[in-house]
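Just below sit the structures, each encoded as structure tokens.
In what comes next, chain A is part of two complexes: it sits with chain B in the first one and with chain C in the second one.
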Partner chain A sequence: MRWRPGPITLILASAALVPLVDLALPESLRISEAVRGVFLYAILALGLNVVTGYAGLLNLGIAAFMAIGAYAFAILTCEIYPFQIGFWPALMLTIPIGALAGFLLGAPTLRLRGDYLAIVTLGFGEIVQDVLKNLDTITKGTQGINPLPGPSFGGEQWTSSNELGWYYLLFALLVIVVMAVRNLERSRLGRAWFSIRQDELASRSMGIRVERVKMLAFSTAAAIAALAGGISASVLSSTGEPSNYDFQVSMLALCIIIVGGIGGIAGVLLGALVMIGLNSIVLVKATAALAAMGIGGQGNVLLSPNNWKYLIFGLALVLAVRLKPDGLLPPRIERSIR
Partner chain B sequence: MSVLSAQNMTMRFGGLVAVQDVSLTVHAGEIFAVIGPNGAGKTTLFNAITGIYEPTAGVVRFSDKVVCVGCTPQTIVRMVATAIVAGVSSVVALNSQQLWSATIDANYQYLQPFPWWEAVGDFGRAITNLSLASGIVTALVGGLVGGAASLVLWWRSRRTPDLIARSGVARTFQNIRLFNELSLVQNVLVGMDHRMSAGFFSALLRLPTFFTERERFHAEALALLEFVGLADRAHFAAGSLPYGFRRRLEVARALAGKPKLILLDEPAAGMNPAEVVDLMALIRRVRDAGTTVVLIEHHMRLVMGVSDRILVLQYGKQIAEGTPAEIRGNPSCVEAYLGTENHG
Partner chain C sequence: MQDYEVFVQQLITGLSNGMIIALIALGYTMVYGIIELINFAHGDVFMLGAFLALTLLGAFGMEAWSPAWKFAGVIMMLGGSALFCGGLNWTLDRVAYRSLRKASKLSLLVSAIGCSFICTNLGLFWGGLPMGVFAGGVSAAAPKDFPQITPQTNLLGESAIRITQADVMVFFVTIPLMIGLVLLVNRSRLGRAMRAVAQDSTAAELMGIPVDRVIGMTFFIGGALGGFASVVYSLYNNTIGFQMGYRAGMDAFTAAVLGGIGSLPGAVLGGLTIGCVRAMSDQYLESRWTNTIVFGILVLILIFRPSGLLGSTRREKV
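Up next is the complex of A and B:
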């Protein structure tokens, strides 16, 4: 059979070409910096997709794990702390730390069903923010922790000016996460996740250890979200304040997987492109264009498309649920046969 | 040898006694039927046998063994370990800022090398200097909660359906419960899951064990679909199957775990006569392949045609047990199904 690139390959390949296209464009139309945000949210949403898409456990606190990853990365690397283990070891450590956090939250709560679990995760999201805010001896409270290092290659420490480098670093991480998630999806574990999402009692009666399988979904999602948090802190060179990881972030990740197609990788990638792309590319460019034409600006806040962000998220969600309830790129059933 | 034996089993829901004092013994290689009018407690009996319900009274044995996670040394070790970890972490969590200042802040000067050993020593001192309430008491409370949680967890998961399924007892459901969005092969593969050994990392990193196992079970799943006559639809979604085929897929999924015993809950419900004949042949083939069959059924032609022995339930009580011929001649069974003839 001839090899045909699937939607995942197509999306990733076009993402890889964005900086090259940018070279041909005038400064004001370049988008690669904004696409980095898409990558970050795509990684976060892929994590959420494992727990909510595959295993069907509604998690409304995924941003909390992102915060845990970001603060773990910061404490391990920032020079105001003694650890300073460097970019790569710290980034690698965010994964087990996230997984452990997922385990600690999951162990007592995974026996809860549906809505109850959603409420617990929602509460967890708020608690983590409050803890980070009030544990100021350790986390520096609302200041956030900075500066944070980037990676260094060949003895050269990256700074935020190395745009192309950051772009491809994030891209590479996204590709790794996509491969990891795809490998899990098309395995015994992925099948078990799908089965408990569809009928928990039936899969239990077939001998699936439901608690263990759910726990793996929860921890995997938390680990991926923590990785996203670690790398985003490094990109910004700061954790930012704890409220950067609030409910809106979790909600946005959830919107991404619903609009894109819950339970499928290609859908999640497309969803991230649509939701974040709209926000940080289309709206920003439109605002700039309007400002250049002398419209908007200080006068009427409604005339600045930047402010339409949540309006558009809401609209996208309503339209998606009404017109494409399975998402833009719904996962196919025969997908994981081989 | 008995594959399944239940002794004096009672299942009570509040004031309602769904199954009362039922005993049954199923021998290896038998086809055993449980019949009775609607509401007689047949499905409840199945649910109690397969661990979905915890029987109010009575013992269920599979191959003369009680399937249950006992209180082994491992359970105790796990409980103690959980208690210790929970106790220590609650102390650290409650005093985190204090401990952090005493160990990290006190020893670290900006960009100077960090004296690790001193910090460890300071940590030890700080933790022993904690007040009674934030030290010992917190540790005790945390440890108690952790230990109790671990104990409750063990108690509640002593006899779960997955444990029973893994010990070689499979079942189908009265209202078909397939994984409709998965393909036929995948449905069967879910049934095989507990026989697989490749774990998380082997799937994540695509280790060689992953591929060998996948090939092996895939081939086996296709063979099993062949056995129930669904091989040509192997890659269709289960939800797209017509009704009669779904029943068969459920049987295939149940057989996938290589059970010693299979429980079929009304396998012929909603089937047309031709499908029932096929089903009877399938049930015999399952038995001939070495799996003991227990079935609940209302379809008398099927029950009388395939069963070796029949148990009759009415209002949760067992009113008769015997061969099809005996049951057919038993007036109380006829009465249970058809009511009494009034010769008044």
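Up next is the complex of A and C:
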């Protein structure tokens, strides 16, 4: 059979070419830095997709696990703490730490019905953020923990100026995560997830251990989100303030998977491109362009495109659910029954 | 101030705020009771009601009115915001929820979250109106001062404990509304229809009850209660902002769940509890931990007693 590239391959391949295109563009139009944001959110959304897309459990606090990953990475590497285990070991450790956090939240809550579980995860997100802000002896409160190291290749320590390096490092991580979830969704566990999403009672009577399978979905999602948090802290060389991991981040991830196509990897990648592209490329560039023309700024609230963000995301959610419940790039159906 | 006086003062604040939370919680619990939707946008509808009240206050220049006229002004704001919030909530149901009645509960919830975002953004734009009460609309996102138009005399005379007209107003507005709501739900034809739809909407439809219209009315009444609450909240707390809907909504939702979602007395009990917990935590612990405590209560209640204090223990149907 002849090999034809699927949508996932096409999206990833075109993403790999962005820095080359950037070289041809003038400074103000370059987007590779913003595309790094797309990669980060794509990783986060792939994690959310495991729990909400595959297993059908709505999680409104995925940003909390991102925060846990970011702070775990920071505490393990920053020079003001005794550990300082370096970039790669710390990044690898964010995965089990995230999974453990997911397990601790999931263990008592997964028996709850769908909408109650959603609210518990939402509350958990708020609590994590408040705790990070208030335990300022450990977390440095609103200043965030910094500076954080990047990786070092050949004895050379990366700094934030190594833009091309960071771009391809994030790209490589995204590819690894894509491959991992792709294998997961085709595994026995993945089929169990699809099954409990369709009908929990029927799955239980077919011998699927529903609690265990749900728990694994929850922990996997948390682990991937924590990885996204760890790498984002390293890119910024700081955890940033705790409100960088607020409800809005969770909502952005949710928008991505719902607009893109819940339950499918290609859809999530496309969703990340559309939503984050809108959020941190189109709106930001439009605001800058208007400011350069002397419009916007402090004067009229309507003239700053950034102020339309919530309206656009809200409309995207309402319209997506109403008009395209399967998203822009729905997962192929046979996958769920294979 | 003596120790006990501090305690009583906090109790008064807690109960007043608790009554306001309870009024918002009633809107959540009614909608949840009838279509099992956590109406995420409810808190933002409440927020827009407060913005409408401030707009009315500014447009008519109520600050300069004589005390008797100010009283009329408060009535006008209450009526205006209630109608507006009720209508807005009804519209949300009509536009964003009605077509999803047969869809999964999660898509309904996602649609509600979308509505909440849209309303938040409208609040941001509203704050940019070029009016004196919005500080000329220069920094739209900044919190707005809501003028104190109720007198601030202490009704207890020289006592260290202060009860002002604002405290009294809170109870004068909220208690009759709650009594009215209970009468409406338990005695009226509409109330009977609402209870029937909540119990079994298919059976209700077969009995000739216009289910969609009854659900729409539930949204209207719940929204209107939020509208009343928004005016009382603004007059009592004197600051409003476009992001207050989220926080107020979470407090009220916690109250509804704590009392047992779907139960009207439960929502009031839950609201009073949350109001007092907030006030006590502000006073005796650190106020920066207050939100954590409220969310902690929410999570613990959902885990250990999801039916709440007064809710019925009904198992989820399969």
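Assume the second predicted complex is superposed on the first by the 331 of 338 C-alpha atoms of A that agree within 3 Å, B and C clash if a C-alpha of one lies under 4 Å from a C-alpha of the other, contacts with A are read in each partner's own complex, and residues count from 1 in each chain.
Heads up, the rule we're going with is that a residue touches a chain if its C-beta (ideal position, glycine included) is under 8 Å from a C-beta of that chain, and two chains touch if they have at least 3 such contacts.
Being a predicted model, the structure only gives us computed values, none of them experimental.
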Combined model on chain A where chain B meets chain C, clash or fit:
fit
Would you sort A:73 into first (chain B), second (chain C), both or neither based on which partner it touches?
neither
Check the residue A:201 against both partner chains and state whether it touches chain B (first), chain C (second), both, or neither.
both
With both complexes overlaid on chain A, does A:314 touch chain B (first), chain C (second), both or neither?
second
Looking at the overlay, does A:301 come into contact with chain B only (first), chain C only (second), both, or neither?
second
Could you look at A:137 and tell me whether it touches chain B, chain C, both or neither (first, second, both, neither)?
first
After superposition on the shared chain, which partner residues are touched by A:167: those of chain B (first), chain C (second), both, or neither?
neither
If we overlay the two complexes on their shared chain A, which of chain B and chain C does A:108 touch? Say first, second, both or neither.
both
First (chain B), second (chain C), both or neither: which does A:118 touch?
second
Go through the superposed model and pick first if A:87 touches only chain B, second if only chain C, both, or neither.
neither
Given Cα centres, how many degrees, to the nearest 10, is the angle at chain A formed with chain B and chain C?
80
Look across chain B and chain C in the superposition and give the shortest C-alpha distance you find, in Å.
11
Footprint intersection on chain A (chain B / chain C) at 108, 201
Which residues of chain B touch chain A once you look at their complex with the stated criterion?
50, 52, 96-97, 100-101, 104-105, 107-108, 110-111, 114, 119, 149, 157, 160-162, 165-166, 170-171, 173, 177-183, 185-186, 189-191, 193-194, 196, 198, 200, 203-206, 210, 213, 235, 237, 253-254, 256-257
Complex interface listing, chain A residues touching chain C
56, 58, 108-109, 112-116, 118-120, 122-124, 126-127, 130-131, 133-134, 201, 247, 251, 254, 258, 298-302, 307-311, 313-318, 321-322, 325
Considering the complex alone, what residue numbers of chain A touch chain B?
79-82, 108, 135-138, 180, 183-184, 187-192, 194-195, 198-199, 201-211, 216, 333-334, 336-337
Give every residue of chain C touching chain A within the complex, in rising order.
36, 38, 96, 99-100, 103, 105-107, 109-111, 113-122, 124-125, 127-128, 137-141, 246, 250, 253, 257, 286, 288-289, 291-292, 295-296, 298-299, 302-303, 306, 316, 318
